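Chain naming follows the written order as A, B, C and D, and within any one chain the residues start at number 1.
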Amino acid sequence: MTALTLQNAIARTEAGRARAAELAVAMNIAIVDAGGHLLHFSRMDDAELGTVDIAIKKARTAALFRRPSAAIGEDSQPGGPLYNIESTNGGLVSFGGGLPITDEGGRTIGAVGVSGGTVPQDVTVAEACLT
Amino acid sequence: MTALTLQNAIARTEAGRARAAELAVAMNIAIVDAGGHLLHFSRMDDAELGTVDIAIKKARTAALFRRPSAAIGEDSQPGGPLYNIESTNGGLVSFGGGLPITDEGGRTIGAVGVSGGTVPQDVTVAEACLT
Amino acid sequence: MTALTLQNAIARTEAGRARAAELAVAMNIAIVDAGGHLLHFSRMDDAELGTVDIAIKKARTAALFRRPSAAIGEDSQPGGPLYNIESTNGGLVSFGGGLPITDEGGRTIGAVGVSGGTVPQDVTVAEACLT
Amino acid sequence: MTALTLQNAIARTEAGRARAAELAVAMNIAIVDAGGHLLHFSRMDDAELGTVDIAIKKARTAALFRRPSAAIGEDSQPGGPLYNIESTNGGLVSFGGGLPITDEGGRTIGAVGVSGGTVPQDVTVAEACLT
């Protein structure tokens, strides 16, 4: 398993910020390692302060469960199999904007979490961080 | 951006308490700065103890997201785009009673949070704190 | 047991703020009831943000243990009988600035917590809130 | 009061990382705004995972008290006037490595927190972030 490097995280963040600038939205971009520990974080000027924690929690959610944060949300609804799972692990975020980062073998080596725009905008920026 | 002063927060709180007295409901009124830090808090006699934290969290929610707390609630319902966002930022409150305080340029310089009555009553008192 | 009223808490807070103004120090003044629940809080302009939580925790400490916060600190030192008690109850503060408020029969009906200056200044302002 | 920009935070972080590279130590560098909210974070490859939280808390401590984190530590020792203050504000760090960032008028506009080496190394890197 290849570990994420800081250099790689910076490159991913810059790709995400470029996409956010195209959308003209101030975004937070968080990158965590496979263990969910913060590797890099960047808040664009004028982003809402409440979205700092959300970006980090989206990344942690995607890393700790090795799937997009939105996939958790499908199962955490009322009546669903993971109802209210958001209150575990010090707080998860189960809507879109958190995506796992995988190596060539498909193993999760970290995750990116983006917050600051609408959920579709957040997802678009997160996807830009994966390429 | 003008910062909220204590004197201004006291005046807003007194306006809110006067409105609460008209409604004959014991209210908590919290005022935070733009960063969500508590500036002033006041609990009217006989208010329910559980509403202290709610008033403070409503104010923090409105400040950190620069919008009424109820606007968060519209999107945080089951199936909504921000489902269970309430578990972030140390706990948010997404029903009515939290309103941002803006300066002449429309920038959020703080927020008020009110709790103790029905939600419509809380909103009415919060609005009285804005004038 | 007489309960603290909001009116009484405001009067105590104003007495404290007058004393703080004499000292020319920006203070936070928190008043809690006998159960440690926040009743009134006020932050003077330019007080350090980190002292908000300290003022509230001093008041809670004094109310929950019915003694000055500094009295806890005497026993919480290394080797002392209450070593590191500060990590209980969601966080206590064991240095000066928290004082119980008692009724005529000597029963604790609440507490005041002050933070923002040196500890002796905080204690002086807290004492002004008791008279 | 001028606010810190992301561009400024990145420049400070790069200056700090350059100094850390000279010392051949893997460091975490956190930068927060005046309200203690995270603005930028970067973990160098191979830094100890436990130092992520320490770097962030050092920065928050310096911002919320507008002084070097080590200045808190002078007073928080056993028998000192601020003994165990570290348990407030969601956790403070009171040893060296957190430094306030001030504007031309001397007002605190944010802070930097560094962790990963010895405390003197952390302080050296934090100082490099101020220039």
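FYI, contacts are C-beta pairs under 8 Å (C-beta built on N, C-alpha and C of every residue); 3 or more make two chains touch, one makes a residue touch a chain.
No experiment lies behind these values; they were computed from the predicted model shown.
Where chain A touches chain D, the two copies mostly use the same residue numbers: shared numbers make up over half of all numbers in play.
Fitting chain B to chain C on C-alpha positions gives a rotation angle of 180 degrees, to the nearest 5. Between chain A and chain D the centroid-to-centroid distance comes to 25 Å (mean Cα coordinates, whole Å).
Our note on geometry: chain C versus chain D, Cα centroid distance of 29 Å, whole angstroms. Centroids built from CA atoms put chain C at 41 Å from chain A.
Multi-chain contact residues of chain B (touching two or more other chains): 35-37, 90. Pairs of chains in mutual contact: A-B, A-D, B-C, B-D, C-D.
Contacts from chain A toward chain D in the complex involve residues 3, 5-6, 10, 35, 37-45, 49, 52. The residues of chain C lying in touch with chain D in their complex are 48-51, 53-54, 57, 73, 76-78, 84, 86-87, 91-96, 118-119. Here chain D touches chain B in the complex through residues 33-37, 90, going by the rule given at the top. The touching residues of chain D, when paired with chain C in their complex, are 35-36, 61, 63-66, 78-79, 81-85, 87-90, 92.
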